[in-house]
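You will see subunit A twice below: alongside subunit B first, and alongside subunit C after that.
Coming up: the complex of A and B.
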């Protein structure tokens, strides 16, 4: 008897169970959403949900406008944040004198600690009125406002990864380029950008994941309109905001079931990003690093 | 011509830096400008006297007009999330670093990466679905503090696993070999030798997890936070929380005073989170310094 007890409670077994529990919960998130959204799949209306407009009064429960809204905001924020992050990473690693570079690096690290709800809050009272006055259209809550704030939210992630991958480039190569008389621009184009391409891709994918998963900025400053957006100044609703907004509805309605479709889409998108990150060819970077050290 | 390109490079990089610093300065400056004047006891306790504030802390008096219930709610959330996630995260981290090998390790750490990538609103949706499911069994269960705490635990679990795992894996192999040479069993090595050495790294992960649990709004929005609830009396009560208070004020404020309170709350949350994240960074730095110079 004491023998079996010992086996069951042995440390290793216990730790394994804990770890397996984590795996179980991660998978059950997806299973739960599929089970609760099941009527959507069985009644053959899933393709309709993915492609139709959202007009509950006319019987349309499509989340297509929200998919478009999400993609529009994420794409625009990446387009804004990528050059911004690259510029800052170059500043920190290459251009600025040590003291100033350290300061900028500190500020970027601090930015990772700013809560998203605070970006949203400041966005409503500072950025939205500005966009409203400047472009003279509607309420100011729009794709543009949300993308600007989101760019600010995802930049620190990218900058930190970029700086790290710049720093991983072997010193011997840096010196070799310097010895050949390469100036800063040539170093950047022929050494740093090609050498850090895996790191740059990693940063981009991580930032995309953060942008896709953000709820508060989109909910607070994107306007949450259900119509298909036509310009950058149109208000949109994202998939995340849709989940937050429909909660109040009746639990048995199709309206309510659509939030599980949103959840499943978000889960699958972020899972794809994670898997892509996992299978990036890091080997190249690592072998270069080792050669540089030896 | 090359000169022009060089100048262009310097110029655009400079602009990027200025834009970023300007945005951060604008954001913090705006919050400080509006939030600093209201920062004080009144922000938390409304118009209560000092003596009454003591009563509030011992739950003898209710705060009507102040952040106190939201602060208490956030603290309870953090406490619940951490007390659930910490043992699990430590356990899984130790297993991944010291026991798991080969395919199992790859599979398990991939799953925790997946969990780390799941958007917080989806975790909130999971908590909500769980409540719906449990509601059929126990009809008295509605979204509440318990559900929120557990959902937040799920949110911070991957951080704790990852920091524990890397803190252990970064330890020099000489430690493991020495312990083994002295005849220590594996479990004894882990508990008496490796964990104490890895403690600063693990601790930085805990601080980071506290920050994540305190700032997250999406999870609690779906799992039981409300605008006015006072201090929760049990785990099955609704509650208030700082980030939700900020979100709610931004859209629902009715007068200047409420808006001011919102700015105060935003400033308080910003200060707490920035301190926590900076603290985590400092601890990690200390830890790596110790590893480099003291443990070998």
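Coming up: the complex of A and C.
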């Protein structure tokens, strides 16, 4: 076997090992959580944990309010961040003069590197008092405060991915639409948004993953109340915050076991989201192309 | 015989950053003719063309000095006037590029897109116009059964004829052609040349080409650019 072929084969083997290692670690995490949470599954209490309220003093160890809290914060933050990020990406890629666009792009890049705890500080000292004063209700630590801050946290990731997707659209197509008399809005509707749909979905996926997995903002700003939330101004505890709070104070009790249920739910949500979005764009694009509608 | 002008370029100079690409060019082009601009690569032919529909503005870092006048529907228009609507101008001054650039959508959608962007939403009218321009571009019989297939599946020559049809669907008064056959094989070149000759009755064609034989075959007049200046 020639030297070049040997390098190719060993390179392939190395890539295979790295990939297999990644898959193994990912699956191991799931297995680890299932094994450690096994007492929950075997005692038939898993469904109770998923549906009951959290009241350990009365023997209720349900994480349902935390599931609701997590979904409320993540959904609201995505609803706030998505249009903001899309608008920013359009601003950077299409509207601003090159110098200003470059500056804003750098600012956004820098924002991705700011530790979450800094956002948390800003939230506690600026946002929470503002929400408290503005709505004249409660402590200000609430779904709304956490969602606003989380929107700020996840926006840079989305903006960068959206800008990259816009930039990947061939210049020849941009010039074609411009030469046909397309204005900015039309370029966006007929070229950029359809052309960048894979990137937009990817950005949304990454942002959703980041919002689901964030712990610090939820811990610092959401209020950590264990009651079922009834309004956006109610304090809530998220699944990640629950894991962090229980782990810090306990290690062998039913309360402690619930964190594995939280972990499994978070894992399955993220995995489902990833798999859905990985296969969806291809399917959508393919069917649209077949119908000539892309 | 008095020749009616369609485009008049006056003292146009063009700069990419500090680099001057065109130097003080003045020229006019006659209505309903094929006018060719020839010259070596890098002589500024395509840049000159892009000063007419201001497409150069899509690329940052460039500036132009001078004036371009154009006569649309009998009215004199200063292309670089502030109030001018670029989308309106570009609908009246169509453009076809060197490399065919069908958009990533069906053949039918490629042709209805300019209509939609111009506010023509009537579907029957759209269908009528699509059929008409495809027939004009000698493409109808080839694509009729697959109008809803991806336009990028067409051959190079078919793609370019589709792009010409797309530019013609808005009935422009001027059609700018930036080396429209340079990426095509001989058979496709012949088809495009026939198509251009047939379009001359309906609009004025300004064509950039470095192929002198082609210029002799199709153009009514020709000018040569050498290093950004008229020869």
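Assume the second predicted complex is superposed on the first by the 244 of 294 C-alpha atoms of A that agree within 3 Å, B and C clash if a C-alpha of one lies under 4 Å from a C-alpha of the other, contacts with A are read in each partner's own complex, and residues count from 1 in each chain.
In this section, a contact is a pair of C-beta atoms (placed from the backbone, for glycine too) under 8 Å apart; a residue touches a chain by one contact, two chains touch by 3 or more.
What you are looking at is a predicted structure, and each value in this text was computed from that prediction instead of being measured.
Peer 1: Overlay done on subunit A, so just call it for subunit B and subunit C: clash or fit.
Peer 2: They fit side by side.
Peer 1: Quick check on the superposed pair: does A:195 touch subunit B, subunit C, both, or neither? Answer first, second, both or neither.
Peer 2: In the superposed model, A:195 contacts subunit C only, not subunit B.
Peer 1: If you stack the two complexes on chain A, which partner ends up touching A:183: first (subunit B), second (subunit C), both, or neither?
Peer 2: A:183 sits against subunit B and subunit C alike.
Peer 1: On the superposed three-chain arrangement, identify whether subunit B or subunit C touches more subunit A residues.
Peer 2: B
Peer 1: Tell me which partner A:98 touches in the superposition: subunit B (first), subunit C (second), both or neither.
Peer 2: In the superposition, A:98 touches subunit C alone.
Peer 1: In the superposed arrangement, which partner chain does A:211 touch: subunit B (first), subunit C (second), both, or neither?
Peer 2: The answer is neither, since A:211 touches no partner chain.
Peer 1: Contact-wise, after the overlay, does A:150 reach subunit B, subunit C, both or neither (first, second, both, neither)?
Peer 2: In the superposed model, A:150 contacts neither subunit B nor subunit C.
Peer 1: Per the contact definition in the header, classify A:18: touching subunit B only (first), subunit C only (second), both, or neither.
Peer 2: A:18 sits against subunit B, while subunit C stays out of touch.
Peer 1: So in the superposed three-chain picture, is A:173 touching just subunit B, just subunit C, both, or none of them (first/second/both/neither)?
Peer 2: Second partner only.
Peer 1: Quick one: smallest Cα-Cα gap between subunit B and subunit C in the superposed arrangement, Å?
Peer 2: Minimum over all C-alpha pairs: 10 Å.
Peer 1: Which subunit A residues lie in the overlap of the subunit B contact set and the subunit C contact set?
Peer 2: Correct list for subunit A: 183.
Peer 1: Hey, which residues of subunit C end up touching subunit A in the complex?
Peer 2: Checking each residue of subunit C against subunit A gives 53, 55, 58, 60-61, 86-91, 94-95, 97, 99, 101-109, 113-114, 116-118, 147-150, 163, 166-167, 170.
Peer 1: In their complex, what parts of subunit B are in touch with subunit A?
Peer 2: These residues of subunit B touch subunit A: 2, 5-6, 9-10, 12-17, 19-21, 23-24, 26-27, 30-31, 87-88, 91-92, 94-96, 99-100, 107-108, 110-126, 128-130, 132-133, 154, 157, 161, 187, 211, 215, 217-218, 221-222, 243, 246-247, 250-251, 262, 266, 269-270, 273-274, 276-278, 281.
Peer 1: Which residues of subunit A touch subunit B in their complex?
Peer 2: Residue list for subunit A touching subunit B: 11-12, 14-16, 18-23, 25-29, 32-33, 36, 83-88, 90-91, 95-96, 104, 107-122, 124-126, 152, 155, 183-185, 188, 209, 212-216, 219-220, 240, 243-244, 247, 251, 259-260, 263, 266-267, 270-271, 273-275, 277-278.
Peer 1: Along subunit A, where are the residues that touch subunit C in the complex?
Peer 2: Interface residues on subunit A, with respect to subunit C: 97-98, 170, 172-183, 186, 190-191, 194-195, 289, 291-294.
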